[in-house]
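If you scroll down you'll find the structure; I have some questions about it.
By letter and in written order, the chains are A, B and C; residue numbering begins at 1 in each of them.
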Amino acid sequence: MTDLIALEGVTKTYAGITALDDVGFTIGAGEAVCLAGENGSGKSTLIKILAGVEQPDRAEIRFAGRLQGALNPRLSADAGVMVIFQDFSLFPNLTVAENIAFSAELGAHRRLFNRARVHEIARATLERVGVALDLNARVETLSVAHKQLVAICRALARDARLIIMDEPTTALTEREVRGLLGIIRRLKADGVAVLFVSHKLAEVLEVCEKVVVLRNGRKVAEGPATDFDAASLTRHMTGRDVAETPPDPLDPGAPLLMEVRGLTKPGAFSDVSFDLRAGEVLGISGLLGSGRTALAKALFGLVAPEGGMIRLAGQAVRLGDPLAAVRAGIGYVPEDRLTEGLFLTQSIARNVGIGRLAAHERAGFLDLPGLWGEATDWLTRLKVKAPSVDAPVRALSGGNQQRVVLARWLATSPRVLVLNGPSVGVDVGSKAEIHGIIRDLSATGLGVVVISDDLPELLATCHRLLVMRAGRITDEIMPAETDENDLAHRLAS
Amino acid sequence: MPKIDLARNEWLVALVIVAFCALAAVSDPRFLSIATLTDLLRGGIVLTIFAVGAMLVLVSGGIDVSFTAVAAFAMYVTAMALNAVAPWMPWWGALGLGMGIGAFLGSINGTLIALFRLPTLIVTLGTLSIFRGFMLTFVGQKQITTLPPGMREFGRMMVVRGTNADGSFYSLHAAFLVTVAVVVITWAILHRTMLGRTIFAIGGSVESARRIGVNVARTQFFVYVYVGVLAGLAGTIHASMARVANPFDLVGLELSVIAAVVLGGARLAGGYGTLTGTFLGVALIVLVRNSLIVIGIPNTWQSVTIGVLILLGTGLPAWQAKRAAARAA
Amino acid sequence: MHRFASPEARLAVIALTVFAVMAALSPDRFLSAQNMTSMAFQFPEFAILALAMTVTMLTGGIDLSVVGVANFTAVVAAMILTRFAGPDATGADAAMWIAAAVAASMVLGLVAGLFNGILVAVLGLPAILATLGSGLIFTGLAVALTGGSAVMGFPTAIAWLGNGTALGIPVPLILFAVLAALLALILSRTGFGLKVQMFGANPLAARFAAIDITGLLIRVYLLSGLLAAIAGLVVMSRANSAKADYGSSYLLLAVLIAVLGGVNPYGGYGKIIGVVLAVLSMQFLSSGLNMLSVSNFARELIWGVLLIFVMIINTRAAPQRRPKPKPEASR
């Protein structure tokens, strides 16, 4: 039997930097393959090459045994290679039926739009994956999991033979992941191959036949899925064991810093109460939809709770007002660095200095040398590697960008720092360094709240863990009393 | 029967129109007459054609402010060219020439936007100056009071003509049928062709469209050419009905037309817009322009009234969206 | 920020080239003192409007009401001057009423700006629609107040603002220079200015950085309203009258100048020096063409060509400067 897709010697360099170096593997019909790798390992480049968006420097790509020349999006799609991007690339203003049938109709070079035919295509495809959705619903009204489903159906409607899924599970709750796996099994039985591309693959391992691991553009491991587990995947992806040590124990006499009492926002979280002591790192975890992000935002005033209170060192903090939160000494590092955290086109120095404008204003005018000096100081202290502080912040790597956001808040000398997903999209090396920074900060008496679903991260950084489920805090755990499996179980059950 | 949803602009605008008409009918019973209706229809013809084009651009995620200059250019050059070289051209030839000129000017917008990927507002702002400047500098600045026979013929064409009970005349201009045709054709393009769905798709997300292999440049090019065609048509109709081609006419209307379209529910961000809404938006603007005095507001307050309507029509949904976002976050 | 080929550098080259070409084509007339003075009287009124436009564009907004605000505030000032002072007023009497009229117009400019600011910042209307609507309202109020006719008959002293000179320099030019310098200083040296640029670059990140967005936007539109009112006073003084529809072509001109000046209409980038250079290029061009007896309308044509030419060069030079994603719920 010939393989559905066979890659050999795929090499790609960008401006002298090798993104992919002689990578090759095969995918058979109906097979599910995990392509694992850190950010920057070359996996996105590989997807783009398969999708025909980028041209490799050198490669032998075979679809069903036939050697392909230069690919373009149309050719790849015609060969049945479909990519489901992380953002799904759907049309929010069109209906479910139209979204599903759009590519198929384009592929068939239709000129006229026939609503009945489009509905028929959509209905048949949804039936194939065994899910019912309202065909006339606008996609913008759907949940993330349903949007993903529409994206899968769109690929299927265009006769997908290989569906490439980019980070398919990051936005899904555990239950939704299970639903997705069920659909994947059906597809495999149908002969459709699936390539999962992710840096968090443990949850999809069970439906995969094969695992390929990339590191720095090279294939470093390949084998049957049964040979891998979460720990060995991480080891291959990073090239070292990153077993981090738990934090030093908290001083039992550490004073109370922040009290949260009965914080409630209908539909997001209810009756959330906890204490945070000076120097303590408190982890809050929960699945997507558990209300953890809304709670994180509420601590910083970005979301207005309808009831409850937050007291900092005995003083009540006005709710629902970020300015009041900052005045009280609360800082917030958002989850989505690129859209929420950074001003990408602005300079690194400005991205840090924006938090300290008021402090450097004299008679209405800014003391610019003082402002930039302070910003540069913090960038040095956090070891941000940048050609110049005047360079736009978008030129930095993920890890360095995260440090810029941290620097902005540290410059304001906060008393409590809320970190939402502190190492999302950061490579493993920088991750350990960011954990080191968290540790150093807490040692100075700063209270830190880490909100994350990265369980090893929580275990490595936190003194105490709170588990959220359906908007409530359901569990309080000491990291010493638990491990990753136990924690995962408590989050989901 | 769709349920009445006040968050949707169509319903809001329809209610305001009904309220306006009710008030007008109470203060002047003669308001509810065929004569008023035909007057309003006549006043709305050019605006409706413009608005249909403006709506299409908004749906595609762009904005066009140059269409009035295209219209003025097309009508003036058509009148001048026909007078000079082809006075025998029948009315449909005149409209065709106007549309052809509009298509050519639209293709300039289309090239700059689709090929050079420049922001639509800036491009059309620039071409607004260019088209108008070119016409007034190189073509002419004088009104053409003697229109070519084809345009004169079209100017006199009526579908219905009659006398009211009180002896006043009413008539429905043939251009009304052209407008109906424009609406029907545009509806068919938007809802019955893949091209139309693609226009909605790129308005919803250009990036998604590119990724699934939509030829975005070609679609955008079509949109701006089509708007050019509609503008050329509207311009030629305007001159025919006014029986004069004044190169200084029309330019300045562009923002009011876009306002009417947005009142009807089209979103500046792209992807949303309906012909019904567009029609209602235009109807409201025409009503205010023609009949404000009937409900006891002096005509000097016209512009204030339209401004208030725009702020209400866009403010209510914006405010609701903002509150919903605050609740959801 | 040490980019060699910044939009401003390119614009400086354009301005100098236009100046040189015009000077070469008709040296004795273009370079004459008389031409220089007349240029200096002509451009400040719309250049000030372009400054107002620039401030709002930096936040990713736009102010389509500037001309409406200018005319409305000027009409009110004019009514104060004609009702209470009249053409024959002189000395302390005239001075008092002129002060009152100027104060009234500036206060109204601020009120108009506050209105726009509330629409945009508190109610969440897209700036383009909010100011389109409010612009119609302000113009409409001016029409309603005057019935559409011009208001005239001012004390002669008010003419100084638009037609006078100080130390041989035209007063409107001085006014524009002072306003431009102040604005440049505000944008680069105050927290407000920096926040305006940062907000324009990424409004969401600004919210997450705990910037008082409502206050910021309201101040931006207040500033734009105030600048519009000042422009209105200059127009009134130069025309020696006020009318609801003066300077209607200035609206698009102001947008054009701002964009030509390198201001990113999606927010986040723009420099006052660029806007000044754009104004100068436009003025050199139109005066020069005037000398060559090219029609007024050819200027419009050339402005448009210049705008698109500069946009093509700017996007070629910086292809990454794409519009940022649109907010979900905006209309």
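By our rule, a residue touches a chain if its C-beta (ideal position, glycine included) is under 8 Å from a C-beta of that chain, and two chains touch if they have at least 3 such contacts.
This one's a predicted model, so the numbers in the text were calculated from it and none came from an experiment.
Visitor: Averaging each chain's C-alpha atoms to get its centre, pick out the one most distant from chain B.
Guide: When every chain centre is compared against chain B, the largest gap points to A.
Visitor: Going by the contact definition up top, give me the pair of chains with the most C-beta pairs touching.
Guide: B-C
Visitor: Could you tell me the distance, in whole angstrom, between the mean C-alpha positions of chain B and chain C?
Guide: Inter-chain centre distance comes to 29 Å.
Visitor: What whole-number Å value describes the gap between the mean CA coordinates of chain A and chain B?
Guide: 45
Visitor: Among the residues of chain C, which are close enough to touch at least two other chains?
Guide: Only 328 qualify.
Visitor: Mind pulling the residue numbers of chain A that touch at least two other chains?
Guide: Touching at least two other chains: 302.
Visitor: Which residues, counting only chain B, touch chain C once they are in their complex?
Guide: 65, 112, 116-119, 121-123, 125-130, 132-137, 141, 252, 255, 258-259, 262, 267-270, 298, 300-311, 314-315, 317-319, 321-322, 324-325
Visitor: Once bound in the complex, which stretches of chain A touch chain C?
Guide: Going through chain A, the ones touching chain C are 140, 300-302, 322-323, 325-326, 332, 334, 339-347, 350, 353-355, 357-358, 360-361, 364-366, 368, 390, 408.
Visitor: Of all residues in chain C, which touch chain B in the complex?
Guide: Touching chain B from chain C are residues 64, 119, 123-126, 128-130, 132-141, 143-144, 147-148, 248, 252, 255-256, 259, 265-266, 294-295, 297-305, 307-308, 311-312, 315, 323, 326-331.
Visitor: Hey, which residues of chain B end up touching chain A in the complex?
Guide: Touching chain A from chain B are residues 191-197, 200-201, 203-205, 207-209, 211-214, 271-272, 326-329.
Visitor: Quick one: which bits of chain C touch chain A in the complex? Just the residue numbers, please.
Guide: 1-2, 185, 189-191, 194-195, 197-198, 201-202, 204-212, 268-269, 321, 328
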